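Presented sequentially are two complexes of chain A, the first with chain B as partner and the second with chain C.
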Partner chain A sequence: MSQALTYAYYPGCSGLGTSREYDLSTRAVCEALGIVLADVPDWSCCGSTPAHTVDHVLSAALAARNLAKVEAMGRDTVVTPCPSCLTNLRTASHRMADDSFRERTNALLDAPCQNAVTAKSVLQIVVEDYGIERLSRKVVRPLAGLRVAAYYGCIMNRPPEVMAFDDHENPMAMDDILSALGADVRPFPLKVECCGASYGVARRDIVARLSGRLLDAAADVGADMVVAACPLCQMNLDLRQEQINSANRTSHRMPVLYYTQLMGLALGIPEERLGLDKLCVSPRKVLRAAAGRAEAAKAQGSGA
Partner chain B sequence: METIDMQAAFDPEFVARVQAESGQNLALCYQCGNCTAGCPYTFAYDIPVSQMMRLVQMGRREKALRARSLWLCASCESCTTRCPNDIDVARVMDVMRHMARRAGYAPEKAVKSFWDCFLDSMRKHGRVYELGLVADYVARTGRFWTDADLGPRMLLKGKLSLKPHDIQGKDEVRRIFERFAARSGS
Partner chain C sequence: MRIGVFVCHCGSNIEGTVDTTSVAAMAKGYPDVAYATDVMYSCSEPGQEAIVKAVREKGLDGVVVASCSPRMHETTFRRAVERAGLNRYMLEMANIREHVSWIGKNREANTNKAAELVLLAVEKLRRNKALFPKSFDITRRVLVIGGGVAGIQAALDCADGGLDVVLVEKTSTIGGKMAKLDKTFPTVDCSSCILGPKMVDVAQHEKIALHACAEIESVSGYVGNFEVAIRKKATYVDWSLCTGCGLCMEKCPSKKSHDAFNEGVGPTTAINIPFPQAIPKKAVIDAKSCRQFLTGKCGVCAKVCPSGAIRYEMADEVITEKVGAIVAATGFDLFDHTRYGEYGGGRYPDVITSLQYERLLSASGPTGGHVRRPSDGREPKTVVFVQCVGSRDKSVDRPYCSGFCCMYTAKQAILTRDHIPDSQSYVFYMDIRAPGKLYDEFTRRAMEEYGARYVRGRVSMIYPKGDRLLVRGADTLMGEQVEVEADLVVLAVGAQAAVGSSELAEKLRISYDKYGFFMESHPKLRPVETNTAGVYLAGACQGPKDIPSSVGQGSAAASKVLGLFAKQKLESDPQISQVDQRRCVGCGKCALTCPFGAVKMVDVRGEPKAEVVETVCQGCGICVVTCPQGAVQLDHFTDNQILAEVNALCQS
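Now for the complex of A and B:
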């Protein structure tokens, strides 16, 4: 038996609130796969978008406090489910490769950061370290009959020099995972388009337009649901779906799940551990319909 | 079409500053428009991103720093990723946003208020306290109905914590902000 994959884990602020189900399902899925997540002790907010709109050294320092905590754990890799946290952690590392930038960053910190930690997304370690092959062997309840649109959001893979993972125009990590789970992955042309980010509060019109377009496109390709990897994308598409519908005069009832929730279902993890009840648009109907389609296909197959 | 007086408004110091703070060679931009074509926010911008790049090249400080576009860029990195000359365009936008902030310009006040509330929340608690953030935002902007439709639903789903998530090291986080403020003030 090979040694268990172990990583420092950075949940991110939204994991405590608006993306509770992402954190829950990530932990449940990793546990089922034997991936050990060790929480970064006393982690703080990475600063997200607001910090880098003020200053790049400030933004790096807020991320670096956490990288220093990972160093203190004796780990060289930290994983996070959230692409925004990931961007901040990776951008801080990228810029701190420059000595003078690192000095200015460390000057804001109590304890200096050596810049010896690599940040990765949970998505990346599932694909690169755990492996799709191995994952497919763990599937006990295939998602046959379920038509999905895999939506990565804008910053999971961009810019490529910083994120260094997958393809920046046509990422496939989630597509491959979902295919391995048995789902019917539709080609989704807006995979990396922005959802309107955090403008939902101050400029709801922007989110209505950009997220509206995503929902329209997902429906157009015949998807039963959108599968997301970013807390902000998921929130805009799910929680704000009614706002979007009323702004655009549409009537979408499109469930928006995290890919980890679907992994959990396929791995046979009980629903309550995956936070399915926390979604605004319930996925029950489309999950049932997909199961029905799969049954019918099977019956037809065995009858022939 | 507006005629630009190329002599009158040229501010060479502004060009040098944006270049130094962003670490980008701005002269490389030849206005292909790829950034604007891929920018999801062009519909909401007063000045498209390629024209923002041109304004910096032309040293048009005031016009560039007063643009609403600076406050509507979500840093989605389309422009940076697709620039044929490898200019980190999103970083240039970010740097101009820093300058606009220092100059006291914020034509999208609600956006700036939201970001300020976010940072205040993390300065206070070490992590973002979403309910407190929204309350602070409503108090600052007077936008009483901001997401009033979402709040109850989020509470019901257990997606909004009633209490802040204070961390032990919140003073360390506060000191990061204090040192930054002291450095910026000098």
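Now for the complex of A and C:
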């Protein structure tokens, strides 16, 4: 075995709060794959949504503080599961390529940022650095019979010149991972549509409309569950599913899992380490049904 | 030597930022300058006459004109000094417009720089020699590359003018994109009915030699005497025997081959004739899908062919043709719509391109002219047209307008209502560009008489909903988002340069723009000429064009060829390299570096020496700088002349 893949790891605020199961499953999966994640010491908020609406330099400084910490660790790559954190880290790097912008940013920091760190999503390193082929060899419990809709959210791949990963209109990274895990990945047409994002606080009607459309589309393509990569998307679809149902007069019972949770299941990691119990819509029924379908298909296959 | 200097005002172009009077005054002090003056417009008739008069009255031996770029008016002034009785190479130009007045605003600095440029020209002119062009014979044959409507028109016009024409077409039939169209705008007349007779004329014209399934391998030579190697690709059918009866197509068991003529809307057979009116009407085997080639077991076409024309062992053949002029009419390709992921590029069968839709509308198309959805064969009732797919969009590197999409979309909306009277068309557009004759009236008819609903705004996304497609976009006039449920979506794809156009341009030694379209010599005044003498352009290879413009350009290119060949002999440019064979050591470096193959090595009393082939030399000067001995000199740009200029600049 060649040298282990090692990265600086930036969990982000939601990773320790609302999307605890994303952080848990990410760590468990990386451990199982032999990817070493070294937490960035004393990391702080990336700036999230509010900062860049106020001041680009201030917003960049919040992200740059964390990038500087990574530089101090002696690492050149930092990974984060959260696409929103990723956007802020990458946008800061992108803007700091301009020397005068970097100077103004560094003026706000205790220790200057050299802008020598690349931020990537966990999704990106699994696809690009670890490799789908290698992942498929690690699967011990294939997700046979499980019909999934891979939902990337609107910012994982956008804007393309900043994120520089996958196709910004029809990304395939998660589809490829889930196929490698043995799942039946449905062609999901709304994979990069907005879920309503933080309008969940201010304008629930918008989230009900946009997220409702996502759930409808996932049901339309025959998916058992939506697989997400963004804490905010996951929360809108999962936690607010009852609100969406009542606003749209629908009756979805659609589990919304993180792709890392499904990876964990396929890699044979115990459920409790993947935080499945933290989901609002329980995936148990769907997972059992899928396993049943897989058994039946296998029996039919051997019988024929 | 007596030199005259003429400093041009060019109206306010030069005079605005250069004090031409004092430039002329300074020039009076330069060596050998016998006369200097400033003129309002030196290129005008009185301006030229002033030069002629001064040469005669002051007894001048050479003239410096300080004005614009020599690209613009060198020929003009050469003619003027010739009228005055001087050799045309006793003229020098100092470019004080593009190199001075247009780029700086400081009048004093500009005046000084202009005066320096005039000094350089004077120093060079003092060492000029009279040069005399040689005349040479020309081959009165023309090569037309590309058998689309522009190439067909150029070929027919040249042939009708009495020239022998070699027409090279890369596919197995001429007709190009126009042959695939059902109807044409704005007259809605049948495309193949107006093109078909022209195609037959090409086939029957005794002066046109047609090479289909052929490509240009290489081009050498120069205006009047090009030698072109043409690769005739293996068709696996002996065309001298094939009668085009079509029996092979009937019996061919590989019926699922890609049908390039029908844009892949339906399948075809591995051996096929693209369409009933094909010229030449000969069969071609597609080796990539033929069972005989893939498995070695079939041979059905060979068995059934009544004339025994099948040749599985056929190989490519390269032939050479001598021609005096070349018309490039290689047309365009369509933008690859799959680059728009949000439109479901290639993923949803009922999202098709405009040219695919054209084949669905055509009576000779795969559905016999009945519009059917590719997915389930159902007749679509709601058809959405999306314009500007791959044009006017910087994000896909196609910032230019393709020009004809507004019109063909209007035509297709009209035809849709004709074919399916209870259908409804929607057209998402950015703005309507219909500047041709009867064009705007035509698009209005689509809206007003045929009820097509025009929505101004781009489509953001297309995705399947049930068995229909949801088209989501904006109506920017209403300021609203709109959604249309469609049965069929037709993407009006823009035009881009044909595949391989840049390679062909390099073979022809013509320039091309950053998108691969061939560059004309002057966008306004020399629209069908290139900067390479004897090579002309016609049709969409120069930029997106509709049928009327392509035909117009085809005729224009033909008239240029006929004009060129109207001369008995052509004159060669005497600004070429000369080898001083006493200094030449025969190292051969010049022969190796010459991009035109104009230097050959000869044997002079047992010693190898370089020699320049005068008619091939283009005067680029690469051999001059390569020669370690200084044995090669470029006439009109000798080392002495260039050094004199440098000295003048350093000492001033």
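The rule we apply is simple: the second predicted complex is superposed on the first by the 304 of 304 C-alpha atoms of A that agree within 3 Å, B and C clash if a C-alpha of one lies under 4 Å from a C-alpha of the other, contacts with A are read in each partner's own complex, and residues count from 1 in each chain.
Please note the rule applied: contacts are C-beta pairs under 8 Å (C-beta built on N, C-alpha and C of every residue); 3 or more make two chains touch, one makes a residue touch a chain.
Owing to the predicted nature of the structure, the values given are computational and were not obtained by experimental measurement.
Trainee: Taking the superposition on A as described, I'd like to know which of chain B and chain C A:293 touches: first, second, both or neither.
Mentor: neither
Trainee: Classify the contacts of A:170 with the two partner chains as first (chain B alone), second (chain C alone), both, or neither.
Mentor: A:170 sits against chain C, while chain B stays out of touch.
Trainee: Please name the chain, chain B or chain C, that touches the greater number of residues in chain A.
Mentor: B
Trainee: Is A:273 in contact with chain B, with chain C, with both, or with neither (first, second, both, neither)?
Mentor: A:273 sits against neither chain B nor chain C.
Trainee: Looking at A:243, would you say it contacts chain B, chain C, both, or neither? Reply first, second, both or neither.
Mentor: The answer is first: A:243 touches chain B but not chain C.
Trainee: With both complexes overlaid on chain A, does A:202 touch chain B (first), chain C (second), both or neither?
Mentor: first
Trainee: Does the superposition put A:57 against chain B (first), chain C (second), both, or neither?
Mentor: So A:57 only meets chain B here.
Trainee: For A:94, using the defined touch cut-off, is the partner it touches chain B, chain C, both, or neither? Pick first, second, both or neither.
Mentor: A:94 sits against neither chain B nor chain C.
Trainee: Please report the chain A residues shared by its interface with chain B and its interface with chain C.
Mentor: Common interface on chain A, chain B vs chain C: 168-169, 193.
Trainee: Which chain A residues qualify as touching chain B in the complex?
Mentor: Those residues of chain A that touch chain B are 13, 16-18, 20, 42-45, 47-58, 61-62, 65, 107-110, 154-155, 158-160, 168-169, 192-194, 196-203, 205-206, 209-210, 239-240, 242-243, 277-278, 280.
Trainee: Mind pulling up the chain C residues that touch chain A in the complex?
Mentor: Chain C reaches chain A through residues 340-342, 344-345, 347, 461, 463-466.
Trainee: Spell out the residues on chain B that touch chain A in their complex, using ranges where they run on.
Mentor: 40-41, 43-44, 72, 74-78, 80-81, 88, 90, 94-95, 97-98, 101, 108, 110-111, 113-116, 118-119, 122, 126-128, 130, 134, 137, 146-147, 149-150, 153-154, 157-161, 165, 167-170, 172-173, 175-177, 179-180, 183-184
Trainee: Quick one: which bits of chain A touch chain C in the complex? Just the residue numbers, please.
Mentor: Touch list, chain A to chain C: 167-170, 187, 189-190, 193, 217, 220.
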